[in-house]
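The structure is given below, and queries will be raised subsequently.
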Amino acid sequence: MTLKLGVIGTGAIGQDHIRRCSRTLLGSQVVAVTDIDLVQAARVVSDLGISAEVYSDGHALIAAPDVDAVLVCSWGATHEEYVLAAIAAGKPVFCEKPLAVTAAGCRHIVEAEIASGRRLVQVGFMRPYDQGYRALKAVIDSGQIGEPLMLHCAHRNPRVGENYKTDMAITDTLIHELDVLRWLLNDDYVSVQVVFPRKTSKALSHMRDPQIVMLETARGTRIDVEVFVNCQYGYDIQCEVVGETGIAKLPEPSQVQLRSQAKLSNAILMDWKDRFIAAYDVELQAFIDGVSAGTINGPSAWDGYCAAVAADACIEAQGSGAIVPVNLEQRPAFYR
Amino acid sequence: MTLKLGVIGTGAIGQDHIRRCSRTLLGSQVVAVTDIDLVQAARVVSDLGISAEVYSDGHALIAAPDVDAVLVCSWGATHEEYVLAAIAAGKPVFCEKPLAVTAAGCRHIVEAEIASGRRLVQVGFMRPYDQGYRALKAVIDSGQIGEPLMLHCAHRNPRVGENYKTDMAITDTLIHELDVLRWLLNDDYVSVQVVFPRKTSKALSHMRDPQIVMLETARGTRIDVEVFVNCQYGYDIQCEVVGETGIAKLPEPSQVQLRSQAKLSNAILMDWKDRFIAAYDVELQAFIDGVSAGTINGPSAWDGYCAAVAADACIEAQGSGAIVPVNLEQRPAFYR
Amino acid sequence: MTLKLGVIGTGAIGQDHIRRCSRTLLGSQVVAVTDIDLVQAARVVSDLGISAEVYSDGHALIAAPDVDAVLVCSWGATHEEYVLAAIAAGKPVFCEKPLAVTAAGCRHIVEAEIASGRRLVQVGFMRPYDQGYRALKAVIDSGQIGEPLMLHCAHRNPRVGENYKTDMAITDTLIHELDVLRWLLNDDYVSVQVVFPRKTSKALSHMRDPQIVMLETARGTRIDVEVFVNCQYGYDIQCEVVGETGIAKLPEPSQVQLRSQAKLSNAILMDWKDRFIAAYDVELQAFIDGVSAGTINGPSAWDGYCAAVAADACIEAQGSGAIVPVNLEQRPAFYR
Amino acid sequence: MTLKLGVIGTGAIGQDHIRRCSRTLLGSQVVAVTDIDLVQAARVVSDLGISAEVYSDGHALIAAPDVDAVLVCSWGATHEEYVLAAIAAGKPVFCEKPLAVTAAGCRHIVEAEIASGRRLVQVGFMRPYDQGYRALKAVIDSGQIGEPLMLHCAHRNPRVGENYKTDMAITDTLIHELDVLRWLLNDDYVSVQVVFPRKTSKALSHMRDPQIVMLETARGTRIDVEVFVNCQYGYDIQCEVVGETGIAKLPEPSQVQLRSQAKLSNAILMDWKDRFIAAYDVELQAFIDGVSAGTINGPSAWDGYCAAVAADACIEAQGSGAIVPVNLEQRPAFYR
């Protein structure tokens, strides 16, 4: 059984997913695409050598009878609209992050999905599909380190472009930790504080970098995440879980160990795209398999909502310097 | 385009490959199987829920019109016969190691393939498809460590069963190094010597363990491989390449780093099946893609022949304690 | 030239220092001792086989004509009095931490030393003499990682006794970081905040553990120190300096790497006394050499005062949960 | 009690030892020196600011009544003569390696020492005093890895000068392994083989480099030592002991871990003098303490003899390419 997919948005990530479905993953076929730039959408179809119909817009694509499921890869501001349309059509939908640009938008989707009576939405958070994070979660869940008490994390990029603003450290960068750490701990955030260390001279004048985000969870676990997007030396993701009896650390990417020029060294990745490349495959395969089996269990609309609420609190905390509560609504039984 | 495969031999590795083609890899379908135990073959088909015909024997399977390519996973002694039959039928064939149980048998296959006029054979050596070995080769080929002068390797198993004899340390264990190190160095072996250290008390009485195999290549590179199949502590594959200006080491498998009970530790695998699990997928996908594209370029019949000749020399060296030449014929232009 | 030392306090640390001066270090001789328990002091002299006179109290010892310099190893509450007496006598004095039990006490010593016109006091902070911290400082000072922006530190003990209270995490444990990090960064603290994560079930009921102390320096560097004194797994000191262009990490103690029982591991120390054992020797040798050369340049009375002020702020922050300023007086020119 | 030392030879190592005794070690004083160049010897005395008499030659120095013990740091060819003279005078003698330039010379010393009736000689092998090797031996002796079966070692130098010949890879370089591995294993060598890999293009034309020395011990343990003296990248000493149940590896020197410029790295030493600098102190202190206590137990004349016999066999094996026996005489009861 091949799952017939329609892809809304044929930019970089959209093209990646189309290629993935066509050449790497099992059980799916892209039969429909659309984009705000229809010429570009047609060119992607022809460049990739697939036979997919180009639809005039996302709503037409969602409505197409041969489209079994939808991938939303368009501009963030349009996500909510298309996800709601897919739910209305009763079609499973994989939505790239963010699920919606506001927490309220996410909430609408949650309500619509609950009303539909079944899980239709998977949000494009790929880190829970990373082999390293999965191994880390397995160690935690095994009880080897006891109950988690603290997490020390870092999200570092070599550098960012001109259009990167201070709040994007939350919405574009930290957002991955906001999702994956909830999953890792099986816990919710209750408050957040942001402090700004001395600014690096390598950051552009309009932004503050680095920053340290400190989260508290419902069970009292304290998380600190260093977000440093002009660190120069590499793309480096760190996560150390301090438990009652031991500490577990996210594996460094596997690298050849070199002895050369008075150094014993391992390469550090420079490009974020190399870091989680395998996780993207696993994530989308999980969606395809989940839809085919009738059991989507990747990051849910509720997870998307929780990440959005936490991100809002972080941005407020950036501005105020105060400890800001993360006010989640009660988790619906539907998502338990 | 789906490649229709026939699988000869539905034992452990045969079942793995069938499962792999059905559930993990792209572009193939198992349409035919056979085994010396036809009841078992039928059960595998039904257990895996695939629709494949059970043929009475390997020759009937090879002859079947809807079989595009053949996987030989039967008992080693039958490999030569089936590979020759596949070549005779003009059908691409993936043959689990060994290609043949004698160097002469491998030579027959080489001759038959040359006579056929095109590459039809891929031997099931999976290590060249391992991400770690590929990264190591990339470092060597980049010139970062200069010309390779020495390799220090180890192939360690926690323990082996009763039926494992001293010469199997060559034919079942070292055989992987014999293949992958030729590929890594792009070089040929010219001589071999084997020494037996003090025997471990953990080995059964009928076998010698550990042993050290020392190979010399045509370019003068010296390789030592410690083969230790009752090392107790783990399945551990080591490969360190000493070049003129630096040293590169095969990555350890990526693991969570743990601080616990007065130890800073990373897990070592115990089961060999976990070590190269991803490489098996990549290897077989490469065969499927190669056949589909008309360019098989994995381990060739010539590589299988070279491994067989080197293995024979190693076994002679085990017995004599002397330095034994590895007498390869000249490499045919066909395999350049 | 042998420096003749008088030692006030012959408890554990006093005995260690006497032994050190007698058997390990060059250029000194213990000629005088005293203790609140004179019988014990006499026994120490006889057990160690040294020829030292036992004085009736610290003041008599300080006044003794053949005492060139004084080591204060008595109960903390007596330190201020003896250090002031030594300064009054114009004799160099090495004082175990704390220099005084209050910041005001430290201030008195600072004033007395300034009035004396020359450096007479070295405080017993040994970490700046640890080879690892020195190597770390050398890397920072070399400019290899750019300006320090953040420090991520941890101070972990396997467990603590009944008499250990929550504030001792500051005065007995964090105090070492308060000293060494100022030295490492050549900077001063301006504020501190303490948060309490979920309490470990391994801590006794009367204390909170772990805690995270967050310090800000005058140059804006942000420091987080995890203090976790019931971590079970080991005595583990971590310090990672995040600079503008790279990160430098305090070396782990050198250990044999073991492959055994499915683990690749290095031992972690369990006993804090093993961690800085070499640093104690270097520290005291530096005092002896400094006195002999007329240039004491180890941790100064001013450093002792700064640590005391910071510790007071940390204890206030433990209680209030707020960000507490660290109000240092202006550094006297004497200490520049 | 201060041990009064006479030092024969005031070249580089002689000066180091004089400085060590004067400024770092406890319990000794250099009271006499001599050198083939008496002017230089006098200058060393004056430069180091010690009060030592300059003697006309080694024999005069040995005879001097105030010389309690002798350090032989002169040209290798003179060692035997001075050590014998010291024994004849009944004075303890620390002799830099080699004990004698021939095995026969070492044998003479052994006989003379036995005849003297007590241990007078310590040979200047410093590696058994290295903290890393001691930790490694402790792990072996603890039984944690079972009986040692194989050792994989490397001795690498960045480069060597013009005067370094192929056989110096044995007499100047491997000689340290020949000593320390006997001590580590508490075992004797029975045979040796040397193979020459492809020569590095970085070696001068007159010498062969690298080489691999393979030793067999009386208990059957197999040792391979890579000797590579133009490896470019660093001074690097490796030693891995493969036992029946696990593997123990000599610690790498402790270094700051750096994340910088796309590399996670630790520095590798370039200068051999930095590698065992602490061991030289411990070694000579052990001699001083041993003499003072009447129990010299460092590397003995017998150890020097065994190293010399093994070195002779290695040099023969370099020439012949054959497996050469190491013919030790029976160990005298005196050295058990």
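Order as written gives the chain letters A, B, C and D; numbering starts at 1 within each chain.
One rule holds in what follows: a residue touches a chain if its C-beta (ideal position, glycine included) is under 8 Å from a C-beta of that chain, and two chains touch if they have at least 3 such contacts.
Treat the numbers as computed from the prediction; the structure is a model and nothing was measured.
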item	value
Smallest count of steps, each to a touching chain, taking chain A to chain C	1
Farthest-lying chain, centroid of Cα atoms versus that of chain B	C
Inter-chain centre distance, chain A versus chain B - centres from mean C-alpha coordinates, in Å	38
Chain B-chain D separation of Cα centroids, rounded to whole Å	45
Between chain C and chain B, distance of the C-alpha-averaged centres to the nearest whole Å	59
Residues of chain B touching at least two other chains	232-233, 245-247, 252, 259-261
Sites on chain B touched by chain C in the complex	232-234, 236, 252, 259-270
Sites on chain C touched by chain D in the complex	23-26, 131-132, 135-136, 138-139, 144-145, 245-261
For the chain A and chain C complex, residues of the former touching the latter	146-147, 149-150, 152, 195, 197-202, 210, 212, 214, 216, 219-222, 224, 226, 228, 231-233, 242, 244-247
